[in-house]
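Presented below are the structures under discussion, each in the form of structure tokens.
Shared chain: chain A. Partners: chain B in the first complex, chain C in the second.
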Partner chain A sequence: MTSQPPGPILEVENLARHFRSGERRRPIRALDGVSFSVNRGQTFGLVGESGSGKSTCARTIVRLYEPTAGRVTLDGADITRLSQRQLRPLRRKMQMVFQDPYASLNGRMAVRDLVAEPLTVHQPELGRAAVTRRVKEVLDQVGLGEDHMLRYAHEFSGGQRQRIGIARALAINPELVLCDEPISALDVSIQAQIVNLLRDLQRDLGLAYLFIAHDLAMVQHIADHVGVMYLGQLVEKGPTDRVYGNPSHPYTKGLLASIPTPDPRVDLTDRPPAIEGEIPSPINPPSGCRFRTRCPYVRDICAQTAPKFTDLGDGHDVACHLYPAAAKQDDRVE
Partner chain B sequence: MESLLEVRRLRTTFRAGRSRHDAAVQAVRSVDFQLGRGETVGVVGESGSGKSVTALSLVGLLPKTALVEVDKLTLDGASISHLSRRQLRDLRGRRIAMVFQDPMTSLNPLMRVGRQIDEMISAHDRRLTRRERKRRVIGLLAEVRIPEPEKRYNSYPHEFSGGMRQRVMIAMAMALRPEILIADEPTTALDVTIQDQVLRLMRRLQGESGTSILLITHDLAVVAGMCSRVIVMYGGLIMEEAPTTSLFAQPMHPYTIGLLGSLPALRQGQSDRLDSIPGAPPDMTAPGDGCPFAPRCKYARVRCERALAPYYAVADGHRSRCWLLDAAAPGADSPFGEADGELRRKVVPLDD
Partner chain C sequence: MAAGDTSTGRRDAATVSDWDLLAADRLRAQAVPRPGRSFWQDVWSRFISRRMAVFGAVILILIALLAVFGPSLTGRSYNRQESSLANIPPVLSATEFAGQANWFYVNPSLKVIEVTPDGHLVRQVPQVSDDMLTKRAIFEADGTAVQLDYSRQPPVLLGADGQPGERTHLVWNADYRLGTDALGRDVLTRTFYGARISLAVALVATLVNALIGIIYGGVSGYVGGAVDTVMMRIVDIINTIPLALYVILVKVVLGSGGFSSIVIALASVYWVDMARVVRGQALSLKNQEFVLAARTIGSPPGAILRRHILPNALGPIIVTGTMLIPSAIFIEAFLSFIGIGIAPPMASLGTMANDALATLRSSPYQLLAPTATICLIMFAFNFVGDGLRDALDPKLRA
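Presenting the complex of A and B:
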């Protein structure tokens, strides 16, 4: 990493996305006021349990979902209120890689056409020969040969399919790639291949990643900064070594403690259970701090007011009433 | 340790098509192992390694397209390889229980959860009255920490979270105090926090009933925390078997070494590359004569592609199927590090 911190390619401010719920009138507050930024050429990891709003966050950033509130700034331009047509030229800077390489690739298209599709959408001026040249180039970057071009996705293994998905995202030279659980459907040895590939591509092409995963160890390995989400909100964020080295929110502590250690000398039951209970419904989240129903340190104030972010130094922020001093400006939606 | 389950030369093939000329998938090529009483053994491997098919073959839960052959399969000394479907059904649940990755595929979505557990108990124990059974079911739900078990008795599976459904499955599996619990990726679909809760539950119930657990998983960290012994499968074969501590301290197969290297948490420096294993899992319709891992193994030699290595006993209870352990293998570039020479002097080939 360079000594001078590069500027942000993506800034997310108080981003929220609510969904209508069927049975009751109350909305599902899937994403409820999240702020963070992703620096150029760096990786921001987003972790949390299922239902914490990680994927909703990514999908709202790329406007697959319309935001309910908040602002998304891509390379200095506010893209929150742009129409889809206005958004299109800016979309070139931001691409997405999905979890399931089985579901996200059209089985009726050959690899060449899958990878060419974003090019024909975003650069219609390119001729067929130029498109094919570019397809070969990105396939080579992701470790696939041009002999794969005429084959179909179902002929490939999961890891190779994810390479095709990455090639598709890279075809139009984005600056930011949002990876939504890009490795969780893959085998362990293949996960390492894909993570190594993503890191090589970052180094060679200067890519920034928003990397969403529930595998906390892998996020620690790949991310420069990390944000921990719980029930639609961030509870802690900061440089990866700070957050993992000194987890400060009780949820982060519990989450890290519940990862089994790959060390046979440590028995699972040697330590007390990490976090009791389950994540509550986002239709009716707990008042005050949303984690209070599972928090071992819960106090009266936790039910009354939502904690604000406290800066613990070096950009390590935690939203918890255990850290009341030097409260930063409020960057939460009430 | 007293051997409760003994498996020798288990082979399972699936017919790929209708014609007998169609290639068959050799999912399990030859597997032998033992499971001791009260022991927890982990079976690790990637998709297609044959770990789940091994488990399903043991309890007769494969479709009719599967051909299961085994030289010896004994439970507590008595052969169970020639049981009728009906005898097998009686055995399952009562003596050998199973828990799968996705509880939704094992639960009937149209039937209240309490009724399903009740039905399972009455199928195996006809002496209990309806009222006794209901009390038993509520007790089981409470035992796996389902909140408000009396109320939850009448809930449908979709009203439960994934973690609660898996706890219900474990309650059902443990209801009849089976001798063996086969858990096939029981926590793979769950969050780490819930995985922690479910593994602890399995451990607690095991402590109370003395059940042996065969834990099938792709997650070596789960194995490290739960199992005393590990079996590493690849391409339908056991590549290495060892006490868990030995396997992590001194893995003796390049595949195991690769798997351990792929784990980010084991590594120190964040900027390091992970030791990924190149290539993809093998084609199980034409496994060939050589080691199935040879095409992905950076130590592979001509011999590895031609013939399958025998098992070599590395230490007590530690065996590995790799030509690199042979006395004639060259010591240079060994994956086993500096201890290579000394280790190989101790190695003994095992009879198949």
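Presenting the complex of A and C:
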């Protein structure tokens, strides 16, 4: 890692996405004011339990969902207010790998056509032979052969399918790849293969990743920076080694404590307590700090005001009343 | 140097042997090469491996060929009447008399027809006298008298001497293979014309479903929201008015009868069921990850509809289509049957069935030809549809 970080490829500011709920006309606040940035050639890991808004965040960034508020800046350009048509040329820089390798590949298309789809959209000037050559190239990069090109997705295993999904994302040379839980649907042994493939591709192609996962160990393995989400908001973010080495938010502590330790000799008695209970409903989130209903350190102030981000040094920010507001005032709303 | 660097190094050391990618050529060495086939080659090979589907397709092709070329093979037209040769069945029970070269057949309306031994119809034998009391009629054939005793059921032909004929033969009708109807028209030729109309209706239904129904439903489902609501209410309104009423209305407005009003009525409203099915499919498919993936790639909505949603909805589309085509055929036949469809003297399977009702008891064969043809066409379409649905699903590739 260089001491001078390269500039951000993606900046997300106060991004929010609310869904209409059927009941009582109150919005589902799936994503509620999230800010972070992804540096060129680096990986930003987004972790949190199910329902914390990680996938909503990724889908709002690529404008599968229209943002309710906030701003997304891709390579210096604000893409939040662009129409889908205006956004199309910019999509070259930003591609996505989906969670479910079985659902994310059209079963009616041969692998060649699946991988060629971004090329036909973004480089219509390419001839058939040139497209095929490029498809061969990316398939080779992800470890698949050209004899796979005429097969259909259902003829492949989960890991191979995810390789196809990665090849498709890479076909037009994006600078940023959003990986929405790319490994959670795979077997553990395959997970390592895919993560290593992603790391190799990052090294070779200089890709930036927004890597979403609930597997904390895997995020530690791949991410340079990490953000911890809870109920639609970030509670802690910073360099991976700082966050994992010195988890500061009670939620982060609890999450890390819940990682199983494969060594029976490790003494677990001084571990912080694991989090109990269920994540509250995003239709009616708790007042003040959203984590207060499950927090072992809850105090009176937690119900009254939402904590602001406090800089613990080295870009390690935490939003918790345990850490008195320091000089830095983050752009957090509410 | 940050702490992460050393830990990265340690992890690499632990994983490099076990988890590194195989070299690309080693992966390929394990692959069993299979000749690449395009999607449509696959579809074809799956389709022809299904016996019933091929059977249905062959039947359909045969019917289509006969509908087009049949009338010129028989050399007759749908409206040429031979009233002296009315109600002649495909199989004749002819009586042979000693000394007579030709045989004689009595039709249900008690006319005597002279038949050659190889089944050609010569003429209707003129009647000389009719004794109502004894229920005997005398016919004059080539100078010989033939008596018809219709006091018995069935009537019996007697020679001039009052004795029954030598023998009775069953011969195939060599001039009218499926017999004649009550007006002496060739049933076979009229069946060809009826099949022609049925297939034309099937073609119209297919075109309308494919052009309007699929696009309308696809757009409605994929765009969603207010557009979907408005489009589907239009479908609801169309759907509440019965098709028979449309046909009558169109007929009144156009002032022309028959085929064109049925075609126009079908073309204007017959796509709504297909639109509903496609809309439902589009609604469920548009949130699938592969559609989301296409959107993040930047594919325009039209391409997503064409390349992702419709191909994946092909099964239900074809199932619906194969149900809608036979039912369109049936609707035409039904409307013609009740008299508001194809106008006489044009032959439709429905009008033929209606005509046959009058003589159902004496000449049931007249009903058999059109109804059997309708059954064959509908079965064939269903078999072909089943086969197509299976053939178009690559997951079933053997």
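Please note the rule applied: the second predicted complex is superposed on the first by the 323 of 334 C-alpha atoms of A that agree within 3 Å, B and C clash if a C-alpha of one lies under 4 Å from a C-alpha of the other, contacts with A are read in each partner's own complex, and residues count from 1 in each chain.
As a convention for this text, a contact is a pair of C-beta atoms (placed from the backbone, for glycine too) under 8 Å apart; a residue touches a chain by one contact, two chains touch by 3 or more.
Computed from a prediction, not measured in an experiment: that's the story for all the values here.
Of the two partner chains placed around the shared chain by superposition, chain C is the only one that A:Arg91 touches, whereas chain B remains out of contact. Of the two partner chains, chain C is the only one touched by A:Pro239; chain B is not. When both complexes are overlaid on chain A, the residue A:Asp78 reaches neither chain B nor chain C. Applying the stated contact rule after C-alpha superposition, one finds that A:Val188 touches chain B and leaves chain C untouched.
In the superposition on chain A, contact of A:Leu105 is made with chain C only, not with chain B. Within the superposed three-chain model, A:Leu150 lies in touch with chain C and out of touch with chain B [touch as defined at top]. Chain A uses residues 192-193, 196, 221, 240-241 to touch chain B in one structure and chain C in the other.
Every residue of chain A that touches chain C in the complex is listed here, in rising order: 1, 59, 62, 64, 87-88, 91-92, 94-96, 98-100, 103-110, 117-118, 121-122, 140, 143-145, 147-150, 152, 154, 165, 168, 192-193, 196-197, 200, 221, 224, 239-241, 245. For chain B in complex with chain A, the residues that touch the partner chain are 46-47, 161-164, 191-197, 199-200, 203, 218-226, 244-245, 247-248, 258-267, 270, 273-278, 280-281. For chain A in complex with chain B, the touching residues are 49-50, 157-160, 187-193, 195-196, 199, 214, 216-218, 220-221, 240-241, 254-255, 258-269, 273-276, 278-279.
Chain contact summary for the complex, chain C toward chain A: residues 1-5, 7, 11, 15, 19-22, 24, 27-28, 31, 33-34, 36-39, 288-290, 292-300, 303, 307-308, 311-312, 314, 394-395, 397.
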